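Chain IDs A, B, C and D follow the sequence of writing; residue 1 opens each chain.
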Amino acid sequence: MDADTVRATSTHFPRSTVERTDTADGAGKVMSMKEAVAAFVHDGATVSIEGFTHLVPTAAGHEIIRQGRKDLTVVRMTADIVVDQMIAAGCVSRLVSSFVGNSSAGSLGELRRRIERADPAPLAFEEYSHYGMVCRYLAGSQRLPFYPLRSYGGSDLPSVNSDLRKVTSPYPGPDRKPEQIYVVPPVNPDVTIIHAQRADRRGNTQIWGLTGIQAEAVYAADKAVVVVEEIVEDEVVRSDPNRTLVPSHAVDAVVVCPRGAHPSFAQGYYDRDNDFYRAWSHISKDPERLRAWLAEWVYGTADHAEYVAKLGADFWAGLAVGEALSEPVNYGRRL
Amino acid sequence: MTTTAPGTVTSSELLSVVASRELAARRTVFAGIGLPTLATELARLTVAPRIEVVYESGVCGAHPSHLPETIADAVIVSGAEAVLSMPALFGCVLQGGHIDVGFLGAAQIDRWGNLNTSVIGDWTSPTVRLPGSGGAIEVMANSREVFVVMRRHNPRSFTGTLDFCTTPGPDRALAEGIRPLGAGVTRVITELGILARSGVGEELRLVAVQPGVTVNQVREATGWDLRVADTVETVPPPSEAELRLLREDVDPDRVYLR
Amino acid sequence: MDADTVRATSTHFPRSTVERTDTADGAGKVMSMKEAVAAFVHDGATVSIEGFTHLVPTAAGHEIIRQGRKDLTVVRMTADIVVDQMIAAGCVSRLVSSFVGNSSAGSLGELRRRIERADPAPLAFEEYSHYGMVCRYLAGSQRLPFYPLRSYGGSDLPSVNSDLRKVTSPYPGPDRKPEQIYVVPPVNPDVTIIHAQRADRRGNTQIWGLTGIQAEAVYAADKAVVVVEEIVEDEVVRSDPNRTLVPSHAVDAVVVCPRGAHPSFAQGYYDRDNDFYRAWSHISKDPERLRAWLAEWVYGTADHAEYVAKLGADFWAGLAVGEALSEPVNYGRRL
Amino acid sequence: MTTTAPGTVTSSELLSVVASRELAARRTVFAGIGLPTLATELARLTVAPRIEVVYESGVCGAHPSHLPETIADAVIVSGAEAVLSMPALFGCVLQGGHIDVGFLGAAQIDRWGNLNTSVIGDWTSPTVRLPGSGGAIEVMANSREVFVVMRRHNPRSFTGTLDFCTTPGPDRALAEGIRPLGAGVTRVITELGILARSGVGEELRLVAVQPGVTVNQVREATGWDLRVADTVETVPPPSEAELRLLREDVDPDRVYLR
């Protein structure tokens, strides 16, 4: 009759469901970036950092660098500047990705040195396509053993990535013959970190504009940290429940970090710093210059608030955006 | 609407109160409509203030202005914390393993907690065609544990052999080589008492009787040779406080209370 | 060099992409319910009618009855009142569903007579669970040969539904042994009909509140008809693009039909008619009474506008809802 | 920003104009950023007024206030007709078969239109590590046809043997028993001319040369024994109207035009 006895028998249940942090008012989830990284990102962990060009959790990556995490496996569809920085800081030993470039602005210098010349150390790399990564998150979030997709037929990728495998459909194909399809395995990060526009204190997270694969990356993970531009009152979130892409039951930590996506952008909050993307190709090409950049902007700042202040008000004015409000919809109330 | 005389406890009230107590320390519950709604809302006011109700329709963290009449009632949508798509609800929340307790009902249940909601009689030409699974198969397969509330406790409903197994517990799944996530049915709450099991390989056994009910009465009402716990407790009757909350705060309009 | 030559070689391409109706301003998609049903619902077709309790396209079902369609395969997760009515009117020979009941309000009389006693004719029935249906739509919309799900292990359903099959995962299970999982086949309806709150003239469709499986049902189908409470200006839709669940490229017809979901509801427009749900259990229990109901309310009305008028203003006042507006979000504009 | 002298047509302008013409009668195009953006926006003003641009980031029916600088630029989101989740974009729109033309680029292309965007040299220790597939594998596998715009036409880029096949055309897929949806690469547009193929089993062949370019020049710039159509057309040079639209309406700030 004891609940704990019952619980103990269901050994296959993911850890996450019982261990999500919470307090009566949910405020236990709200913490500083420092606390969240210390609590949820451990040496040797598999860390998913998602945000497809939009809402890249850069500030979280910087805090991981400041805390000197080692031997991480980073899972990220578009491994871009923040990943190059984490690699350069010595945090990353393995990368799982479908695009390793500096957006359309050039190269990632450190990543290329690692992969091309093992300089200063090798980097293990698992290469996928975008939809392959999407499907790995879908499988991970849905607790599926694999996810099928109509990609990879004829590609050389399966020859360098043995996790791209094939399954025969138990239904006949269009020509009535057996049909084969590639599948990818689930990814289940130890922790997923995403950036979002806003959440309530319990972690109900609202994102608009490009929503990418963030919700699935959160559900796929054992722990989830949501970094937000602002925490809003419960009433704001509840006025538009369809906007909540990540419900509180999937979130372990809520971190308030305005402008934490820079040089990426937050739709409706600040624009993308395209100049920095272009600059990064040059900075990262020169290991000395890269080290100096990290020293000044990451190690040299105590937290993201200092980084933001250091950039200065004029700089941020240049990324300011105007207003384009959504028209309200009526959810209705019973009379 | 009927008014219940003070002191008289109806079947709905009894079942709701007993079920609500079982929700202590649970975080997420997948609730159908009716008795599970009453039990969950009462638990929120008593033993599980932070419990999150997840509805099959996609609503998480509902804050309804009125007691919902369906699992898709407009009042559970307005003011909710999240409304998810059906693939997200079934795929990520349920199959992803985020539900502590799922509530299910059934026309028939067997000693392992397997359920029939498809047909009475033969599937191809049934005596009675029932609604079918809905999401019950998924609730059973993916919740940490499942509570069943049965309005009728008799040998036709509590049967030695299901006419059809719509919703299998983990024992049947394992026999087919499919690994279940949770424990299956861990509590069956009826007017006569509480049956329980803790997981795979274990039959339901009688662990408590309602006041005034004998172990023998429950055995006779059960269509298989019911196992009985070494110590059978007597269910504490609904307290004044529980009944008041249920009648005045949870369901003042008697939507489900009878 | 000729585009048509190129096109002709890609024989596996779904028909739908080339045949979506459209005109320069998109107005060619806006048509009456009568026109849409005549154009897109044919005898013998597989018709998906979705809407999970919310936004049930009842008016479309009634028009199918008025036009006397025969031999339809109806695909619908929750086969409820409108399906019982279509069966009673002789439109349906096969039903694919995961719940055949009158919500929580009782039984579907006609459906039960058909299945229990073949009275007055048999009804072929394919039984699934809800997630099984969801996965069939997911497979159909994503052009997958199958979709895996952790259901059905130990169920008797596979013994009466040979489309529930198993696949062995090419990755080892948690115990390192081979892992089996059930799969369902795709469903690709000839036409999917959904009801929504609003769309623009091109068919960009916005839904809020419960969104069910409508988007996937549309993408799974060869043709799609969207019935809306109202057509709005392009600017309204474009002020909130995240609210668009079905983009215009997936839509063939837009039908304006206010209150077309009755006795179901449209969040923010009108509430559910619970009395009618309860009444239907009695009406449908008696074949004579059911026939009389159809005669009066479906055959006896020229279209849904007449049905709405016949119910009367007082009736609709009883289902009116108050205002609960979503707080606007800022999408931002470049300065 | 540079100003282009009237009368002088830059490489970017030439490629954009030629590519835009190929979009006549197409309904949906999956466009990357750069030359495909210019070509598509010009086509909207000329041969394909109703063309819908779908971006990898999830945006359908963009109405940008400024020329987007990335496929995820904020200006393609504000005012768009729809923004879809990534699973919906890749699963329903792309794999579901809703894209008429996909635009791709590559470091290397072979005679069948197979593409390399992964490495120069050996994959395990490459001379140059390139960005990889992104969504290119999916665009190739699922679009009705694919256009490739190549800034450089030389034997290293147009190669007899790819260093690595990231993104296979349908011939390679079929050889592995996987049935492709579309025709693969049907157009390759370069400064020298246009190569074309119509589908499975067919090599790229030269169908048109830019004004002043000889067939032999194209052959020498191509790393395999290039087939040539019976009649090789000369590409009509960009018209005054096309250039004016491109320079004044599509990219007045010279974001991509060089």
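One rule holds in what follows: a residue touches a chain if its C-beta (ideal position, glycine included) is under 8 Å from a C-beta of that chain, and two chains touch if they have at least 3 such contacts.
Which protein is which chain? UniProt says B, D = CoA-transferase subunit beta.
All figures in this text were calculated on a predicted structure; none of them were measured in a lab.
Colleague: Name the chain pair with more contacting C-beta pairs, choosing from C-D and A-D.
Modeller: Of C-D and A-D, more C-beta pairs in contact link A-D.
Colleague: Compute the centre of every chain as the mean of its C-alpha atoms, then state which one is farthest from the centre of subunit B (CoA-transferase subunit beta).
Modeller: The chain lying farthest from subunit B (CoA-transferase subunit beta) is D.
Colleague: What is the distance, in whole Å, between the centres of subunit A and subunit B (CoA-transferase subunit beta), each centre taken as the mean of its C-alpha atoms?
Modeller: 38
Colleague: How many Å are there between the centre of subunit B (CoA-transferase subunit beta) and the centre of subunit C, using C-alpha atoms for each centre?
Modeller: Roughly 29 Å, centre to centre.
Colleague: Can you tell me which residues of subunit C touch two or more of the remaining chains?
Modeller: 12, 138, 143-144, 149-150, 173-174, 179, 181, 209, 211, 215-216, 239, 242, 267, 271, 321, 324, 331-334
Colleague: Listing for subunit D (CoA-transferase subunit beta): what residues touch at least two other chains?
Modeller: Answer for subunit D (CoA-transferase subunit beta), listing residues that touch two or more other chains: 59, 74, 77-79, 83, 91, 95, 142, 179-181.
Colleague: Considering only which chains touch which, how would you classify the arrangement: line, ring, star, complete or other?
Modeller: It is other, because the touches fit no line, ring, star or complete pattern.
Colleague: If I apply the definition of touch given earlier, which pairs of chains qualify?
Modeller: A-B, A-C, A-D, B-C, C-D
Colleague: Please give the residue numbers of subunit B (CoA-transferase subunit beta) that touch subunit A in the complex, ascending.
Modeller: Against subunit A, the touching part of subunit B (CoA-transferase subunit beta) is residues 24-28, 49-50, 52, 54, 59-61, 63, 65-66, 74-75, 77-84, 88, 91-93, 95-98, 100, 142, 144-145, 179-183, 186, 196, 198-200, 207-208, 233.
Colleague: Quick check: in the complex, which residue numbers of subunit A touch subunit C?
Modeller: So the residues of subunit A touching subunit C come out as 12, 143-150, 163, 165-171, 173-174, 179, 181, 183, 185, 197, 206, 208-209, 211, 236, 239-240, 242-243, 267-269, 271, 320-335.
Colleague: Taking the touch rule as given, give the residues of subunit C at its contact with subunit D (CoA-transferase subunit beta) in the complex, in rising order.
Modeller: 1, 3, 5-7, 9-10, 12-14, 16-17, 20, 22, 24, 138, 141-144, 200, 202, 204, 215-216, 219, 234, 237-239, 241-242, 244, 246-250, 331-334
Colleague: List the residues on subunit B (CoA-transferase subunit beta) that touch subunit C in their complex, please.
Modeller: Against subunit C, subunit B (CoA-transferase subunit beta) makes touches at 33-34, 56-59, 69-74, 77-79, 83, 85-87, 90-91, 94-95, 114, 118, 123-138, 141-142, 164-181.
Colleague: Per the contact definition, I'd like the list of subunit A residues that touch subunit D (CoA-transferase subunit beta) in the complex.
Modeller: Going through subunit A, the ones touching subunit D (CoA-transferase subunit beta) are 52-54, 78, 97-101, 103-104, 111-112, 115-116, 118, 127-132, 134, 138, 149-157, 160, 173-174, 179-182, 209-213, 215-216, 265, 267, 271-272, 274, 321, 324.
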